[in-house]
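Let me begin by presenting the structure, written as structure tokens, before commenting on it.
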Amino acid sequence: MTLLSLTAMQTKIGQYAVLHDVGFDVPEGGVFVLLGRNGAGKTTTLRSIMGLWSPSPGSVHFDGQDITRMHTADIARMGIAYVPENMGIFGTLTVDENLVLATARGRIDPARLKRIHALFPALERFRDKQAWSLSGGQKQMLSVARAIIEPRRLILIDEPTKGLAPAIVDAMAEAFREIAQDATILLVEQNFNFARTLGRDMAVIDDGRVVHRGSMADFAADAALQDRLLGLAM
Amino acid sequence: QDPIKIALIHGLSGSSFEAFSKQAQTGFEMGIEYATDGTNEINGRPIELIIKDTQFKPDVARAVLAEAYGDDEVLLAVGATSSGVTVGMLPIAEEYEKILIVEPAVADSLTGPDSNRYVFKTSRNSSMDMQAQALALQPDENLVVATLAEDYAFGRDGIAAFKSALDGSGAEVVAEEYVPQGTTDFTAVAERMFNALKDKEGRKVILIYIAGGGDAPGKIQAMDPSRYGIEISMGGHILPVLPTYKRFPGMEGAVYYYYEGFDNPINDWLVKEHMARFGTPPDFFTAGGMSAALAVAKALKEAPDYETDTLIETMEGMSWETPKGTMTFRPEDHQALQDMLHFKIRVDEGVDWAIPEKVRIIPADEMDIPIGRTND
Amino acid sequence: MEQLSNILGRMGGVNLLPVALAAVAFVLIGAPSSWVTLTVAGLAMGMMVFLMASGLSLVFGLMDVLNFGHSAFVSFGAFVAATVLAGLSGWLGAESIALEALALALAFLAAILFGLVAGWFFETVIIRPVYRDHLRQILITMGAMIVAEQTILAFWGGTPYAVPRPHFLEGAWIIGDVSIEIYRGFAFALGLLVFIAMVLVLNRTRIGLLVRAGVEDREMVEALGFRVDRLFIGVFMAGSALAALGGAMWAGYETLITPALGGELMIVVFIVVIIGGLGSVEGTLLGAILVGLMSNYLGFLAPKLALASNMVLMVAILLWRPNGLRPAVK
Amino acid sequence: MTTPSLVTQDLTIRFGGHVAVNAVSCAFHPGELTVIVGPNGAGKTTFFNLVSGQLTATSGRVVKDGTDITGMAPSARARQGIGRAFQLTNLFPQLTVLENIRLAVQARSGDGWRMLRQVTAQRGLTAQAETYLEATRLTAVARQPAAALPHGDQRKLEVALLMAMEPDIYMFDEPTAGMSLDHAPDVLELIAGIKADPTKTVLLVEHKMDVVRALADRIVVLHNGELLADGPPAEVMSSQIVRDVYLGTSGGAA
Amino acid sequence: MTNGFTGTLAIKGIVLIIAALLLFAPFLFQDVRSIEVAARICIFIVLVASFDLLIGYTGIVSFAHTMFFGFGAYGAAILLKQMGPGWTPVLLGALAGVAVSLVMAVAIGLLSLRVKAIFFAMITLAAASVVLVLASQLSQFTGGEDGITYKAPDLFKPATKLLSDADGKVLRLFDVRLNGKLASYYFVFLSCLVLFVLMLRFTGSPLGTVLKAIRENEARAEAIGYRVVAYRTFVFCLSATIASLAGTIYAVWLKYTGPDTSLSFAIMIDILLMVVIGGMGTMWGAVIGAVLLVMAQYYLRDLMGAAAEAVASVPLLPELLNPDRWLFWLGIIFILLVYFFPKGIAGTVMARDRTT
């Protein structure tokens, strides 16, 4: 079952053509990983899905419905959450207020909150603190927490492990596995080791084009391909 | 025949006072019409009015006045609306050696030491307002007054003029209060004045002299000064403000102009024509503009030639008829001396505003208006 | 020292400032009747300023939009209400309190409606392109202010406009030597009502949070599923309606209004919002009351200083608390 | 051993009740690269902020080459030779990449107060700035406004700014976070280059264990604002307590 | 990059033409109003450019600029009034104006260290309005609302003959009388030119770059070693000084100084309009903005009058084009400009270079 399907998306930012031809299908369930060098267009792809940029030509279908021209808010209301690259934290609000805003009804399910606090203890300790004063990693946790504070069908996550301590990265991986039980994750990652353990399917973008699609297992096994597409010198 | 060019220089944009400028210009046009029996010609030469906007800015005013004198070559100019702007214009008249008739700006200083022999002023000045007001109070030993004015030159000069008119009458000023311009809350100052007056004997009056908005009289009246036997006194006002006078039935004061207060053929014509054309009676500035026009017309008719010096000679000491009676340019400072109206407020539910009914005309010579400047 | 401030904090902290001010004034004024008159007048004046400032505070504090055009809404509100009252002057003359009250209500309603519509127009046409850009906000709203003032001039002319006022709001209650203007009592009540309504709406709903978040990162709020554009329009309309209501209220107080009215009040309104601290309705009320009391007390004690009282108050408070008394946003 | 170039004594800062950095005493030496690790919120960035002056310590001292700089403004410390790159990219967004760098070069030259000389006449300055661009491989985008760069290039520019300051003490806060694998080596190479200079002191906050292993001469571990461990990499990384609080079960291999 | 700098060239070309027109204004336009307009343009170019140093280059929003302008104007005006015409009062007045401006600027600047930008703007607004009120209250010195008129140094009297022919009559060059008025204009023109060129040098200097850096990211500028506070206070003082000098020049030219010519909030709005219309963050913008707005103030009205007459037969249009509503149109034009040309005219034209 395909949950999200991108066809031949081209996106312009101002007068720069950033995406030239991005198309892939994200199957329902599990983690789909999107890889690519800096500036390849990964963030732009996610933003195009969210309706923050508008691709033309090209289209985005979610659950069989065309959402290409829909308003971001309506896209989000269909059950899509977004964890942006810059984390998108509301600095003047407290940690709890950030979480409340991410719910549709303004009420947080206590059970879920508990799970989140177990996952990211810092968020419990600093619940009444204004979010700008959090450390870099804590902000990243808050941003992910916001995406999972309610059940969603699809979660777009842009480089969540950047700046996280190894122990937290482990916790995060654990969390994603758990989330992926009942939601689909579209994950943009630089940390290949992290992505490898999670992903089932994957695609690589380079210079605004999809240059590879396939299963993570195959890709992880093919060192030459990795080297060519990602420049994995290390 | 060459037209006689006259520049009307008023603030026509940039301030809500622009409405007054328009009244003055209407008045001027009607004045010329009246003086020329509708021919718009004097000595066979047509009158051409050139209208310019000061934008209520002295620098712009100076530029357009200089332009009128220099480029448009007008014979004389009339203006302007605000005193500050007009002060800035005075030296230009001297520089170009051409006549400037001040109308409707009020300040005494326009005929003061900074003025010059090219400047004539048909509008009233603050001293006249306040002296007439003092006379309307019929001051005697029994009168105690607290005054309220805005804290700047205009307010302070007005109160000084008022006090000098009381001099020798035996009346006493027990408090002089000044509030910042633009004050809208008068509770504090009213309390001060109440406290100063309430234990005094005699007729207790609060004199209010505030040109801007804020409705000081209404707000002080709302605090019920009558419980201390205090009455409020103030000068008359333009028509749009008179509805607020309905709260002061029986109050007496003095005013520059009210259309029913003056009884002469010019005023009759003005009221009739103004009603016919605009549906409203003429107001302060219409009458003022007309007076200026009538002065110009008379001078042009009488002067042997139109050299500036000849015109000045003609106008110095000249008397002429206006909607508010005879005016005379005082030779020393070129201020037009004029009658004022002593009124008593009557409220008539059928009329939108309170009616300042005539008590009597205060003749010009009953007031002692200080001489601002002496010629050379 | 720390203990002292703790105790003060528990007792209400900065909220005690007006009380302290009133206490000091009581000693200095001496005459109790004058003191009561001044205090009541000051409180009511504060409430009236609050009515005008609350809309600005809402828009400025939550949306971070510096609306210099706010004064235009105040002026328009005043003129719209005055026009309606003038149109219904028959009812006002009818000596029936019910009719008079109805006329007043209609006038206020008209002002509010006007504020809503004008706010909608203003947000869509003027403000929308300049969110987050203070400088352009200042500039574009100043342009709008010029246009609005000219429009008022074109419609109502420059001569002062007399505002009829219901008879039951005329005059004063006289209790001993104390006089309390009835209109001020009315203003106080209305201001209090608006204050309570605003506090309830902002505290009971997420609107306040959403708007603040939307200002910080609009895209993210949309990505959470909220229509920021509609939210902002709504808040802006509410702010404009409050301004118009404040203007209507002020028209009744002044009884003689000119198109310059809004502009003349703007400085004090800005001062109140800043003293109070950004984004907090409570702060705005506090600031308004301080300004109201201060000007009345100083006007009595030292009229020469009354002029600068607001400025001095603002500078002193900013030096003490750079973010104002009760900022909602640090 | 050389004399330390930077010393902190009992450095502490409180935010309300929360102690973000707690009595940290530590000395750093020229020619040495110290990696600071610790869980998120441990106080690493805050420690940097205290050293470079963005925050002022509640108590304790910071001493650079014998001078007490605890109370100095950030700009004064920068002029004392303390340079800093930020964890969250912090640039002059509307200025071009070249202008960004030139500002840093100029700050060092002390020309900022010149009013009558024209920038365009200062060819030397521009030339210097260009060498840093080459070093960070940003030459191609030199005339673009910083805001238009992709995230990875912005991180590089952040590093380039620090290089251009040519401080004695380099402080990098997760310089390679969000950089793709083909870009990160450029930056690591640069850091290695600085490390090779015996007069320079380098402080590096980093979560990527491979980077830590490749570069560190010494590791300092912060936890809850306190200094938990300090020593050679092998020793610190193998200690149980560090594994417990920081690395987790996978030992940072993920 | 190669076809790059056409926009900048165009702007510089326009500015050069404006400069040439101003230089020869007395000879090109011989009516009275044109000279008034030309002098006003010169002074406002300097005033607006000095304001741009704050708002455009450093990102400081201040509403106190007219206050400094006023200090300079009143300094010269009061002394010219008290001491009579001459150069000493002009010089002393300029010095006094600058001194008072500096004191105020430092005081306000030091306040700015503690408060947010928007609060700073409000404080300057407050300071400016207090000074405005003071000027109206201290009427024995300032002439209050009415302002002061006085005489400029003898050289600038219209009756002064710069050169006279054999009969002792004033000599004419291309039909222009070489009298004091001409001298006065060139005094304005040259002093403004000097001040403007100085500011041009400032902005192109390393100092100018630092100011831009502070505007963009204050904290980072501090972190790479710039003492932001010192720089900000310095530009504030610098811009105050220049505004004050512009005020002195204007006072000498106008021979009248009052709140409405030097202190009022209306002038502050004019300055803002000019900065925005011209384009912030570029000195050329100040020139273009000042020229356009001053011209609008003096000629838009006439133009609208003509337009209204031309369309007199059409319903409604003449009403809208009523010359007295010219401010309405200015407001509309202004909003459109901010909307469509956020960088102003100069900024928009020059921005083209970047993108090619």
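We call the chains A, B, C, D and E, going by the order they appear; numbering starts again at 1 in every chain.
By our rule, contacts are C-beta pairs under 8 Å (C-beta built on N, C-alpha and C of every residue); 3 or more make two chains touch, one makes a residue touch a chain.
Note that this is a predicted model, so its numbers are computed, not measured.
Annotation of subunit B and subunit C: jointly contacted by E, touch as defined at the top. Least step count on the touch graph, subunit A to subunit C: 1.
Distance from subunit D peaks, on a Cα-centroid basis, for B. Subunit C and subunit D have centres, each the mean of its CA atoms, that are 49 Å apart. Between the CA-based centres of subunit A and subunit B the separation comes to 76 Å, rounded to the whole angstrom. If you average the Cα atoms of subunit C and of subunit E, the two centres end up 35 Å apart. Shared contact sites, meaning residues of subunit B that touch two or more other chains, fall at 18, 151, 180.
Residues of subunit E in contact with two or more other chains: 133, 325, 327. Contact with two or more other chains is made by no residue of subunit D. Applying the touch definition to all chain combinations yields A-C, A-D, B-C, B-E, C-E, D-E. Taken together, the subunit E residues at the contact with subunit B in this complex read 31-33, 36-37, 40, 133, 136-137, 139, 143-149, 158, 254-256, 258-261, 266, 297-298, 301, 323-327.
Only residues 66, 126, 129-130, 133-136, 138-140, 142-147, 150-151, 154, 267, 270-271, 274, 307-308, 310-311, 314-315, 318-319, 322-323 of subunit C touch subunit E when the two sit together in their complex.
The part of subunit E that touches subunit D in the complex is made up of residues 1, 201-202, 204-210, 212-213, 216-217, 219-229, 231, 354. Residues 50, 52, 71-74, 76-77, 81-82, 84, 88-93, 97-98, 100-102, 104, 106, 130, 146 of subunit A are the ones that touch subunit C when the two sit in their complex. Within the complex formed with subunit B, the residues of subunit C that make contact are 31, 34, 37-38, 41-42, 45, 93, 153, 157-162, 164, 170-172, 174, 179, 181-183, 253-261, 264, 295-300, 303-304, 306-307.
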